[in-house]
Amino acid sequence: MSVESTIEINVLYFANLADESGCDEESLAIANKMSLSQLYDHLQQKHSLSMPQSELRVAINDYFVSWDEPIKAGDNVVFISPVAGG
Amino acid sequence: MSVESTIEINVLYFANLADESGCDEESLAIANKMSLSQLYDHLQQKHSLSMPQSELRVAINDYFVSWDEPIKAGDNVVFISPVAGG
Amino acid sequence: MDNHFEKSVHQGAMQIKRSVDDAYHLAIQDGFALLDVAIDEPRLRKALIDDRSGAVVSFDGRVRNHNNDSQVQRLTYYGYEALAINQGRLIIDKAKAQFGIVNAVAMHRIGALEIGDMAIWVGVSAAHRDAAFDACRWILDTIKADIPIWKQEYYPDEPSKWLSNNG
Amino acid sequence: MDNHFEKSVHQGAMQIKRSVDDAYHLAIQDGFALLDVAIDEPRLRKALIDDRSGAVVSFDGRVRNHNNDSQVQRLTYYGYEALAINQGRLIIDKAKAQFGIVNAVAMHRIGALEIGDMAIWVGVSAAHRDAAFDACRWILDTIKADIPIWKQEYYPDEPSKWLSNNG
């Protein structure tokens, strides 16, 4: 029987993602080696998020990262829906 | 013996043209039908103005005009050397 | 969505996590900050200018009373401040490297704004006007594309909507 | 050239022929005026803006301490005010017809200026940023090309010179 290794991370939600998830922040235990795409798939199902991943950018620890950036224990992960500043 | 018809006009000088002519304004009696180019030729000789006509623009009564605009009695004529605002 | 719910999930994104003075200090030093009160343009402008600045170009974006065909009553900007500040610093650094400019400062307001309120200010000083215009426009466009700020507009006869700059 | 002589032929072109308040009134109404004291930028900016103005772009040009390789101590702008005002009105009218803007106001200072003094201010308000940027730049370029203002720069180690924008 395999012991699956998990890590604790934190996810922040803004704008329509916050509306749909009903929260602005949550702590999660996720499988080690889970990718950012897999994480978004998981959260999209969990919160019935309407936006496809293709419309999002992603940030870790307050910097934009590419979707193949690995997730580390303690990371702050944020999926960024299309912005509207200015 | 022909009586040459003359008109009275006023010429203003600015910048290097004022330096060279030593005045900012003068009244002149000129031949009727004198063109703006002929007027500048005349003033260039009179005041030893260094700038060729090709570098100048010309204004009558506070509006730019083309060099073929006729001069009328009482006109205010100004030759405009290259500008340097901004 | 009722107002209570709106507040509970977005409230953190309507306020900055530092003092107003610290926000100005950051904007003036690193080139970008968020603010949650009215932007004091003369304060930013003053910080931009020195004897090498022959040309100063500034942009300010204000809340209009119309967006396309809809009558706008008010709007709220929400920001992810920590990312906004990091990304803003990168944008300003890149503008300084890319254009021949002396200095650049930008600030974006978040929270509830009324018609006429200034939402963004971008100022660039340079020796020459072309660099100042080009850099100001580029910084503005890049802020609009990359800074994590979201906008919700409220209308008299329709539900509020989330807007997107590229949608 | 001695100072007395300089004054006698250029003095009229260093001063405006109306009151400062009349100059602001003219700039705000027709879009352009000359001024012979420091330009009060907030006064012009305030007149530019209304609820339709989503975007405001402004340019200010200041006296730099260098022009090419020469150290500038001070400079004097001379203007032919009546022509400047007529031409300025035409430029602003053309900008309003040509770009989709709400309003445009510009002012040029004449007389003796020190390093850092503002010589020109151009402000444009529009519903959208592209029109505001394009119109501001066009107005500035056209003022520089067409408004009868001349500039004499003074240097520590050389005689003063008349400058030209297209020379």
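Of note:
Which chain is which? They are A, B, C and D, in the order written, and residues in each are numbered from 1.
In the analysis below, contacts are C-beta pairs under 8 Å (C-beta built on N, C-alpha and C of every residue); 3 or more make two chains touch, one makes a residue touch a chain.
Note that the structure is a prediction, hence the values are computed from the model and not measured.
Within the contact network of the assembly, the step distance from subunit A to subunit C comes to 1. Taking the mean of the C-alpha atoms as each chain's centre, subunit C and subunit D sit 28 Å apart.
Each chain gets a centre from the mean of its Cα atoms; for subunit A and subunit B, those two points are 76 Å apart. Centre-to-centre separation of subunit A and subunit D, using mean CA positions: 53 Å.
Shown for subunit D are the residues that touch two or more other chains, namely 61, 129, 140.
Counting partner chains per residue, subunit B shows two or more touched chains at residues 86. Pairwise, the chains that make contact are A-C, B-D, C-D. Residues 12-16, 18-19, 21-24, 59, 62-64, 78, 80-86 of subunit B are the ones touching subunit D in the complex.
Those residues of subunit D that touch subunit B in the shared complex are 1, 5, 8-13, 61, 77-80, 82-83, 85-87, 108, 119-120, 140, 143-152, 162-167. Per the touch definition, subunit C reaches subunit D in the complex via residues 42, 49, 51-66, 115-116, 127, 129, 132-133, 136-137, 140.
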